[in-house]
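Chain naming follows the written order as A, B, C and D, and within any one chain the residues start at number 1.
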Amino acid sequence: MAAYRAEELLIAVLARLLDGARHVAVGALSPIPGTAALLARALSGDSMRVALLGSKRHSDFTDGGRELFDCAAQGRIDTLFLGGGQIDGEANINLVGSGGYPRSEVRFPGSFGSTFLYYMIPRVILFRAEHSPRVLVPKVDFVSAPGVGPEGVYRRGGPVALVTGSASFSFDPARRRFRLESVHPGRGIDEVVAATGFDFDRPASAPVTPGPSPEMLALVRGPVREQIGETYPQFAAAVLDPKS
Amino acid sequence: MAAYRAEELLIAVLARLLDGARHVAVGALSPIPGTAALLARALSGDSMRVALLGSKRHSDFTDGGRELFDCAAQGRIDTLFLGGGQIDGEANINLVGSGGYPRSEVRFPGSFGSTFLYYMIPRVILFRAEHSPRVLVPKVDFVSAPGVGPEGVYRRGGPVALVTGSASFSFDPARRRFRLESVHPGRGIDEVVAATGFDFDRPASAPVTPGPSPEMLALVRGPVREQIGETYPQFAAAVLDPKS
Amino acid sequence: MSNEAPYVDLDDLVSRIEAGATLAVPPDYSGVAMAATRALVRRGTDRLHLVACPTSGLQADLLIGAGCVATLEAAAVSLGEFGPAPRFTEAVRSGAITLKDSTCPAIHAALQATEKGVPFLPLRGIIGSDVLRHRSDWRVIDNPFGAGDPIVLLPALAPDVALFHAALGDGFGNVWIGRRRELVTMAHAARASLVTVEEVYDGDLLADERMAAGTLPAIYVTALARQPRGAWPLACADHYPLDAAHLKEYARLARSAEGFSRYLARHAPPRAAA
Amino acid sequence: MSNEAPYVDLDDLVSRIEAGATLAVPPDYSGVAMAATRALVRRGTDRLHLVACPTSGLQADLLIGAGCVATLEAAAVSLGEFGPAPRFTEAVRSGAITLKDSTCPAIHAALQATEKGVPFLPLRGIIGSDVLRHRSDWRVIDNPFGAGDPIVLLPALAPDVALFHAALGDGFGNVWIGRRRELVTMAHAARASLVTVEEVYDGDLLADERMAAGTLPAIYVTALARQPRGAWPLACADHYPLDAAHLKEYARLARSAEGFSRYLARHAPPRAAA
């Protein structure tokens, strides 16, 4: 049995993708990305800024709800975590619903700021724990924000990576394709292919995703857990507490 | 000799024009209109709101310099005082300069917010103490804001009156003309005509502008003087202090 | 600082929200007038055009479940850590409400357009999304300062009423909102603002520059009601956190129409039954 | 709340304003960095594109008189109760500076355009004025949501540097601006913000919600200098009022080029002579 939980692996994977980031924004409903951002901040010696939507203590914003979007528009945020009810092979994301619109069979919460931020923040990291053909689809049912383009439309950022509960991918906007970068411990590449509803590039043999370092684990289970607990108390108590 | 100063008469004239106003804004460099607004507020039993640009105590604004303009745009301000380096017979105002542009022979401070507020506030009262052909011209050298129109342009307000050191006028936007309403005590109608560079409507005999009531004088020399002194200390000390 | 502060009781406050009104409400973390919302449900005010500024949660779910909402304009509705908003999800499935799906900065900008008295505001992004495809009220123009640079114009969004809960109100009608400035934009954009306050501040919030910095002036406040625990079961600034047990229970009950009815009967019974 | 606060000395601070920069400054009542302005004059930084947000007074007059300004964008320049700004008036007459006459809400809106990352913002009014006639950089379009409704579009105004004085800065680089929120818009719109502060606050301005409401976060603050009486002879919030005797004397001296030179020699001598 691994010396860490599945969530702790994902937190480590996401935190490593933040290496070198200067200002990271995390949207709503994102406990794992939020924890990863706070972990990366701790690892950076607090030189990285984190804006955690819904947090008072881990957000420096004082100009109301619009400041996150204005700040991104000013080019002051370099990295963003985004999720997706559905994600397709061209990195289009759907946060609205599947099975028709407006009367969706399965309704998701809504697009939040993705319809703007996906264009405006240089590095967007997609995260979704569930890795299944239900989530990773050939074509999303509703485009909350497109992965690429449209041509001629002002855009200064977009998706660079996708992390799921099974694997990590990078994204190449020129080729509009994901590429498998690593498979998480205990998962097989065939399993990943079978669970992915779209085609993607892959090396002959994909490396195994490295687990969290002892330093990372100590931070996640200690100070970072307390920090994320302000915004996600259920998550901090049920998932990150080593005693739970 | 009158029992009041020339400035006190003008303050009373302007305050009377605010009867029934609910929210009055006073721009920069306007000690007499500012005093009139604070007087009218006192007379209203403090039910009138006053926004005095440059004042901290006599402004309720907390959203920075733009709030006055946003507030006016929202239709929450019904009356505004404006001045003018030049004013012409169609109520065009010039706050920029006379004798050419950009190299004006006489440069005034600039248009301030007039280029916006003159269109947006229902009742604008023009005030200029100096009544001379130099100020009241046939045609302004620079239009900071037009008195009327242009046709088809969104406009929900404009000039309704002009008060000078010699007389009071009303303005009819449909006829694009001022009409003499009263002549200040000690001035003659011919003197007013001679000192006005534009043509205007006038009754056969113009009434004399009534002076300030004892209640007005007591307020202006007492609590209102102290209030205006925060923003215009020189004016409050040199002009309104009964001992000065 | 003029005028008597217009404090009224809660039922009087919500009686000013008419059926069919466009009602702006803040996100769950920003000061939600939940007591007023329950009073609105009790009253049976319906056909609301609800505008989440820019998202909502329990409040929207409650109003939708109780049949108060005809149209919902929002960037998202969810119960956050407590899962999907069940009555919202069900209303979408059944077509009971008309949806105007938006995105957070579009709602902020459209409110700012009304704040500034302009008919529209431009916004980057959006083009190529299905959000735009379903918003026939939005326009794309070619940026007049560029060439071949399409940009979205959002029409000004002018709520009839903004409704929210704040920590403090003073005797003049000024309301302390701290750094929750989305409430300022909402109030500037709305024709009327109705506010419940946790406590009444003894003094003038505009007299102390430190408090004034976080104060919405009475100019924009139509009426207030003093309502301790007025945001419960959601959080109120430093006064109380959200009531997690209650929200868990709500999320469980609201999964079914019957469970939701039971919740309503307990927490927002119709007036006659109260 | 991360990062070491970038406190530097006054000369270091103003050395970050390069010749030819677009420099945004606040109105006289809002926190003017006068000590830094004198340091800028001493340094001889020139060819500035000065943007008054939206008006200026002593600061603009001093910079214009000292030959630092090539272009001035402002809604107005005056010394307020102390009369016209003499060096500004003279520079207009002689054609020494290029004028971009504007109007207050246009400067606010053009800064907000940059704040929001959009290429323009619309504004009512203006049409039919000579302000518009002389601004070839402004456009009029037909409101796409109306018909036969012309409206002005203002291009985004993006200063290289915002420079101002505030009452408090903390050890993290956060700056307390109170309700002077035009400073927030300036800082959001500018690529870099340089701030002098009256005092250093012992603690974290963002940790206390009451102070946080009036705080510009360090995100937007490039460098700070502690400069007691940094706004003198203008006012600094509750710390000191403006120095009326000094302004009267300035207004008198600056009426002539010789008098202005004497003033400069006394208050902002060139570096070698200092």
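By definition in this document, a residue touches a chain if its C-beta (ideal position, glycine included) is under 8 Å from a C-beta of that chain, and two chains touch if they have at least 3 such contacts.
Values in this document were obtained by computation on a predicted structure and should not be read as measured data.
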(message) Shortest hop count from subunit A to subunit B along touching chains?
(response) 2
(request) Taking CA centroids for every chain, report which one is farthest away from subunit A. (result) B
(message) From the mean C-alpha coordinate of subunit A to that of subunit C, what's the distance rounded to whole Å?
(response) 28
(request) Could you please state the distance in Å, as a whole number, between where the Cα atoms of subunit A are centred and where those of subunit D are centred? (result) 40
(request) Going through subunit A residue by residue, note those that touch at least 2 other chains and give them in order. (result) 61-63, 69-70, 73, 120
(message) Which positions in subunit C are in touch with at least two other chains?
(response) 109, 112, 116-118, 123-124, 149, 151, 179, 184, 209, 212-213, 215
(message) If I apply the definition of touch given earlier, which pairs of chains qualify?
(response) A-C, A-D, B-C, B-D, C-D
(message) Can you tell me which positions in subunit C touch subunit D when the two form their complex?
(response) 109, 112, 116-124, 139, 141, 143-146, 149, 151, 153, 155, 177-179, 209-215, 237-238
(request) Spell out the residues on subunit C that touch subunit A in their complex, using ranges where they run on. (result) 27, 29-30, 53-55, 74-78, 80-82, 84-85, 88-89, 92-95, 98-99, 101-106, 108-109, 112, 123-132, 134, 148-151, 179-185, 244
(message) Applying the document's contact rule, which stretches of subunit D touch subunit A when the two form their complex?
(response) 1-3, 114-118, 174, 184, 188-189, 206, 209, 212-213, 215-220
(request) Flag every residue of subunit B that touches subunit D in the complex, lowest number first. (result) 28-29, 31, 54, 61-66, 68-70, 73, 95-97, 101-105, 107-120, 142-146, 149-150, 152-154, 232-235
(message) For the complex, give me every residue of subunit A touching subunit D.
(response) 23, 41, 46-50, 56, 60-63, 69-76, 120
